[in-house]
C-alpha cells in the first residue's frame, strides 16, 4: 500500500543495536551553499533486547517546545539498562523549522504535520514525512507526537487522540490516554476533512499503530506546567507499554477530565481583520451565543468593533495569541464533556 | 534647542477646534506603488474650551495592543461635553508597524521608541518621531505612552515612570503614577545609556512634560487584565489633570505596589543559543544566585543544558516569551522594593 | 475521470438554497501566524428555483479588475426574484493574489489559470483550481471567466472563446459570444501547447461546459469602457441562458467584430533586454514586416536600439505595458479577420 | 553654502573637452559580490567650444521611460559640430532604479527625487544626488529633468515648472516653458512642504539655475505621444539656450495651454483600501463635488463601494493607475487655468 | 516508459536542418511581469548530414563556468563543414540559474541536476529537465554534461562517469572517458541513493545513452586549467564519436589517472557549525584517521576547535570552499586508485 | 575632535585588569524578536601590567577567515605571564556579518570598513565603528586589522599599510610592516577618494596610531598559507611592540617584497556584464596593453566575448573570483615595485 520507492534519508544510528545511540538522520540537500551537504535531523535510539518500541516525536512544528525539552531530558537520563525493548526519540522532526523556531520549514514553507504520507522525491519536508511514515512508524508499537499550540494558539495543556472507527483501536488508544495521566484530555472526531490524514497521527492510523498527541501550551513559549505533564505522560506511556517497569509510573494529581472536540461549529473564527480582544479566558465554560471576542480597527479608531460569538456551549480549550488578526483566523475552540 | 526645520507631516484635524475630530496625520511617502500617497496615521482630538491637554499614545510598538484598544474605546466614548481642556489620542503612532503587528516598521525597520527626537528629513519612523516631539509634545501638559512587552516579552501589568533628576518633577510624576492606580508600578533609573533618551518619554523629559508609561502584558497578545488597568488609569489621569471631574475617578482594587528597576545586573541574559526553559514565573520573588533558566539544544539533544542564574534578589517583573533564543536575549528582569 | 479525492475546501453557503446568500469558501491553511485559520474566498449564490446555472468568475488573476467590479455590482444588485435558476459569483477566485493586486498568489507564486485541474492536496492555488473544477464547474451550464491583460499587457477590450473541436460546441459557444455583444471578440486556436489545458476554460472543456472569456483592458488598472462591456455582456449571457428574461437584454452599440488569434508567429517577442518603445498602437492594422518596436539600452545610451517586426499582417489587439523588458517578453499579438 | 565635502563619484569623461564623449560616472560600492566594484552611471558630454551648458536628466525615477529614450536618441544623433557650448546627458540618473524598472533604488529604497541635496557619505542614492547637486548642476545654465507619472500614475503629457519667489527667475523659466512647446504645461506652487526642496529642481533652485520638468505619460510604460513632446521640447530648449541654431526649432501643433497646480485640496486621495474605479478620465473638466472614484472591496463583494469626490473644479491632469489601492493613495490631481 | 505527456517547451531551431543554427528553446512562463513571455534557453545545432549526434550540456548548475565558456567557444568556432553528423550545444541548461550565477534557479529554487526525469507540467526547472530527457536525450548518441564544483566546492579538475551495471555499457563509457584525455578521471559507484537517478546522467542511463561528466574546478570561479581540459576533451569526444576526423584529436599531456569514488565513508562532513580550516590540500594523499579539518567558533573565540578526520586513505579530490560552515556540510571527498 | 557623544556599547570585560579576560561587547538592539537583547561581540583582553597595547581586529568583513582563526588561536594560547602590557583581540568585529559569513551585516547591509568614524546613534554597523574608533583605538599603541579578499576577490597573501603624509609615521609603520615578515607587502597611496577615510585604518590615522592591514587570501575560504603568515606576523608585531620578548620572533622564509599600489588605472574593471575568463594568474607579471580577461555571454553563446586589457605593467596581486560579473566589477589590480 505504501509507496514502494525508498526514502533517500540515511540514519547514522543502527536501530537494531542495543545500548544508547545518538546521531543524525541525514537528509541530503544539494544547494548553492553546500552542494553535497545533509540536513542533520537528530535521533536517539535506546534499546535493550527484544520488546516493544515506543516512538516519541517532537519538533514536528518547530515553535512548540515542551516536547523538545522533554525528549532532550529523556535522551540524557533514560538508561538502556532500565528498559525492555526500544525507545526512539526524534526531538526535532522538522529540523529546519525547529532551528528557526517556526511552525513551518524556512526551506520550503512545509508544515510537516500536513505533509504525510510524504514523498521520497519531494521537498525537504515531504522527504522527512516520508521517512517517518515509511521507516520509523513501521518499527513502532506506540507513537506519541508532542505538540503545543505554536506561535498563534494557546491551549489548556492536555493530551489527545483521534477517534478511530475501529472500537478495538479506540479502546487501546483510550487506555493509553488514561495512562498518560494529564489533567485534561480530548478526543477529536476523525475525518474533519481539513488535513487530518496528512498528520503524523494520520500516518499512524494508516499503519494501525496506536498514537497519542498533546497540546501542552503554546504562544511559542515553553510552559513549565505543560512540560511537567509531558514528562510524566511519556514515562507513564513507557510503563503502559511494558518498556519501563510499573514502579516507574507517576500518578497524576487528579483523574483526567475527558472532553470531545467536535466539528467546525465549535470553533470561532475572525469575521473581520483587525485587533482581537478575547472576552473569555482559557478554561472558562461558555454558553451558546455568548460573545467570544471583539475585533477593533485602530487604523480607524473611532469605528465600533465587530463582535463574534460562540455557537455552542463548552469548555474554552484553545485561544488565539496574536492580537493582530485577519478574517478567517481561528480565535477559539471548545471542548464538550 | 529643537531642530528649527519643520515637520513635513500634515494633520487633517485642527487641534484648536472644540468638539471631537477624527482624522489622519498625513506622512507623504513617495514610493513605487504610490508616487504621491501618504501614510494615514489616525488621530483623535477631543476639546472643550481652555484647559490642560493630555496626550495619550499607543501603537508606538505595533505589537502592543492594550493601549490601542483602550484608546479606541476612549475615542468612541469620550464626550467633549464631559471634559475641560483637550485630549489628543494617537492610537497607532507607528502606523506601519501597527498594521503589520510588529514592534518595528516594515518600511524602514524603525523602532519608533528608539528614534526620538527624530528627523524631519529622515526615514518614515524618524519623521513620525520628529512630528511627535516637535508638534504634539509641545501641546501637552501630561503624556502617557501605553506599552506592553511586545512579541518577545511578558510583563506583570504595571505603570512606570523614569526617575527624573529634578525632585519637583519627580513629585509631579509620582503623583500621576499614584493617580493611575495600577496594582504595580515601577520607577526606572534614568540614563542607563541603552537608548532611553531616544524614547518618547526621553522626548517628554527634554521638553519638561511629565510622562508616564505602562507595561500592560505582552506576548504580542491582548491581556484583558492589562486593558482594564489601562482604561482605569487613563480615566484617572484625566481626573488628575482636571480634564475630567473627580466623580469620574475609578478606585484601584488595592494600593499600588511601587518597585525600583535598577541597572543591567538586575537583568538576566541568554548565555547561549538554544531553547529557553524558564525556571521561575512572573510575579515570583527570587534570591541572588537562584537558577533562572536552562537553555537546551534539541539539535544535539543529548547535550546538557546551560543554566543562567539571577545575580540579585527581587520580584520577577518581565519574562521572555519565545522559546527559541540567541545569546544576548533578555530572559528576565527584576524589580526591587 | 476526475480525481476521486475530494476537495478540502468548505463553502459556508448552500448552493441548493433559494435566495441570495453571501459567504466564503474556506480554504484551511495551517501556517505560522494562524495554525487553524482559513483563507476566505468570497462567494455569492443567487437562486430562484430550478433552472440553468451560470458561473461567473473574476480575480482568477488578482490584478485584473473589470471583472471583480462587475461581479461586485451584480452581487449587490441582482435580485433573486428577477431570475430563474441560479447564478454563482466567484469575484476573487485567487483570493491571495487579489488581495495583493498581483497576477499570481503571494503564498505559492501560483498562477491559478495555469493550475487546472488542480490538486486537492497541492499548494493553495492548486487547491483552489481543484475546488473550481471538481465542485463549481459541474454545477454550471455556462461559465464566464473575466480577464483583462493584467499588469504586463493591455488589450483592446473584447470577449473570446477557445475554438473547440466539436462543431456543436462551437456553435453553442459562438452564440454565447454573440450574445455577449462586445464590440470585438476573438476565437483562439485550441491546443497551442503553452498551457491552455491548465486554464479554467480548459477545465470547462474537459467537462463539456460552454465557456467564454474576456480581455477587458489591462495595465493593472480598471478601464471604465471594459467594465461597461463586462456588465452588459454578463447580463446578456444571463438572458441568453434564460436566467434573466429577454427584456433585460442590453443591445451593443455596434455588431461584434470577430477575429481569429492564431499561433505563435502572430505574437511579437522581445529579442533583447532593455526599454521597449512601441511603434504601433492598440487597434492599429499592421502589415507583415512592419517594425513593431524598438528596444533601447539606456545603460549604454549611445548604442543603437534593436528593432523587432511583425511577421504577419493583422489587428493589434494586445500590447506590453512595462517599458523595461527582457528577452522573451511578449510585446504584441495580432488578430486576423 | 554647499557641503564642503567632495563627492566620491568619479566620472571617466572630461567635461571640458570638445567633441562627443560617452562613459560612466563611477560610484564605488563595496559589497559582498564585488568588493571594489563601481556602479556605472552612464553619461554623455557633447561640447563645442565656449557657450552655455544644458543639463538634461532622465531616469531620476527608474520606471519613467520617455526621457530615457529621448536622451538615448539625442546621445546618438546630436553632432558636436551642430552646437555651440555644451550638452550633458544623464539618461539613467538613478542607475540601479533604472535597471530594475522601479521608481526607487533596489539597493537602498532611495527615491532620488526626494534625496537632494544628498550626502557624499550617505547611501548610494544620496551619493548620486550629492554628485548631481555639487558637480553637475554648477556646470549648467539650464536644466531639464524628464519625468513621467511612473508605475502608479498617468499624466496628460505636459511640461512644468515650480513657481519661484523671484519674478525675474519666474520670467526666465516661463520663457523656457514656452519654448518647450508642449500642448499642456503647468506651474506648481512652491513650498508645499511635502518634499519639494528634496527634488532635483529644488537643487537647481538652491543654485539659481533655471529648471524645467515634465510629466510625459506614466503607467510604467512608454507613451509615444509623450516621447514626441520630449524630443521636440529638448531640441527647442537647446535652441532657446543658443546651443542649437534657431533653424532647429520645431513648432508645436498648438499653443501651449498653461494651468496652475495648487495645494493639497486639488488632490483626491483614497479614503479606504480596496479596488479603485475612476469615474472621470484624464483630460476631463470636473466640477467641485463631482464624484471622482468608487472604491470596492471584492473580498466582501456584497459591501457597497465608498465614493470620493473632487473638492474643486479643474482639469484632470493625473490619475492613479493600479486598481488595488490603499487609504492615502493619490487618485487624481487637478489643474486650474 | 517515458511520460507520454509532451513537453511544453518550443525550440525555435530545427534539429534536422543542416548548417549552424542558433536560437532559443522557449519555456513559456506566465508571471506578473510578463503574462505571455518565455524564458529563452539558448541552443546551438550544428549539423552536416547523417551521422552520430553529440549532446553537450553546461550551465546545468548556473555557477559552474568552464563548460559554459567551452560551449560558447565551440558554438562560435565549430564549422558545419568540419563535421559529420550533429552537435547540439545547450550552454545554459538552467538558464535562470545561469543568469543569476547560482547553483539553483532563483524562480523555483530548483537544482536541475536533482530534477530528472522532470515533469512537463511542473516547475520551471522540472520542465527543463523533462524537455532534456524527453526531447534532447533521445536524439543523442553520446552526452557530456560539464560540471565544476560550484560555489561551495573545489575539485581537482577531472572527468567522470557513473559505473553502469551493464559491462558493455561500462566498456563503451570507459573508452569515452579515455578519449576525453583529462589528467584525472573517476568512476563513481551507481545508486548511492542520494539523488543520482535524478541527474542528467541518470536520465542518460534510463535511455541507454553513454554519458560522461566533468568536475573542472569550482569556487564559483572559472579555472583556466579546467577550461583547457574541457575544450580538449569535448573535441576528442567528437573525434571519438566520428563527428570530427581523427586529425582533430588533441593528445593529453599525460595518461589519465583513474580513481574510484566510493560510498559516504569516503566523504568528510562538518560535525559542528563554525569556521572551517582545511588541514590538507586538494591533490594530497591522506591516511585513514588523519585530521582533515578544524572547526572554530570565533563567536566564542576562546573555545577549542572541533577536529574531523578521514575514515579512509585516499586522494583528496574535492574540498569545501566557504569558511563558514554548518553541521552536515561536505568538507572533502576522496578517490582511491 | 571626536564626537563628544558616548558610545552606547557596553563591554563586560575590564580593559584595565591584569590576566586574561573573555567576554562580549554588548550592543543593545531592540527588535521584534528581542526587545531588550544585545548583540554579543566577542572580545578578549590579555594584560600584564603597564606597557604598550596592541589591538588586533578580524571579522571586520565577515567572510574573511584567516584573521578570525589567527585571533581564536591567540585567544586560547597567549598566556598573560608571557607578555608585558596589553593585547586586545576583537575577532569578529562585525559580529552579524561574521555569523552570516558575509562581507556586510545582514541587519543593515553595513560594510564596517566603510563606516568609520561611525555614529553612536546610527545603525548597528555605525555603532560598532563608533565604539572601535572612540573607545578601542584610543587605548592602542599599534593596530592590525586582518583582511582577506572576501567572497569576491582573491589576493596573493600579503601585509599592507596606507602611505601617510607624515614621514615619521611612514617610518614607524614601514618598520612594523617589515617586522610582520610576510613574503609580500604593499603600500597604498592615501586619499584615493573611494572611501579610505571610512576604514578602520582611516580611523587609526585620524588618531595618529600606527596601523597595518593584511590581505591573506580570499574567495570566502580559509587559505592555510595566509593563516600561517597572519600567525607569524601578529606574533612578530607583539615582539616589535615589546609586548612579547625578542625570543618569540619568528623569521620569515625570505625577505619581504615591497610593492606600491597606485591609483585607479592599475585596476581592471569589467566593461560588460557576463562571465569572466581570467587570462592571467595571481602572481603573474604583466605588460601594459596585455589582455587581462574575456567576458562571455552564454545567454547568447554565439556572440564574441569582450576583451579588457591592463593599462600598465605590474604584478597581479588581486583577482576577481566569481565567474558571473557585471559592468563595473573589479577584475584585477596590480602592484608595481
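As written, the chains take the letters A, B, C, D, E and F, and residue 1 is the first residue of each chain.
Throughout what follows, contacts are C-beta pairs under 8 Å (C-beta built on N, C-alpha and C of every residue); 3 or more make two chains touch, one makes a residue touch a chain.
No experiment lies behind these values; they were computed from the predicted model shown.
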Steps needed, at minimum, to go from chain D to chain E via contacts: 2
Chain whose Cα centroid lies at the greatest distance from that of chain E: B
Length of the line joining the C-alpha centres of chain C and chain D, rounded to whole Å: 36
Chain A and chain D: spacing of chain centres that average the CA atoms, whole Å: 58
Whole-Å gap between the CA centroids of chain B and chain D: 42
Contacts with two or more other chains, residues of chain E listed in rising order: 40, 63, 299, 322, 327
Pairwise chain contacts, counting only pairs that touch as defined: A-B, A-C, A-E, B-D, B-F, C-D, C-E, D-F, E-F
Complex contact set, residues of chain D against chain F: 6, 8, 10, 24, 26, 28, 30-40, 121
Of all residues in chain A, those that touch chain C in their complex: 63, 102-104, 111, 113-114, 149-153, 193-195, 198, 264, 267, 269-270, 320, 322, 326-330, 333
Chain B residues touching chain A - in the complex, by the definition given at the top: 22, 40, 42, 44, 58-59, 62-63, 65, 68-69, 71-72, 75-76, 89, 91-92, 95, 98-101, 219-222, 224, 227, 275-279, 281, 296-302, 304-305, 320-324
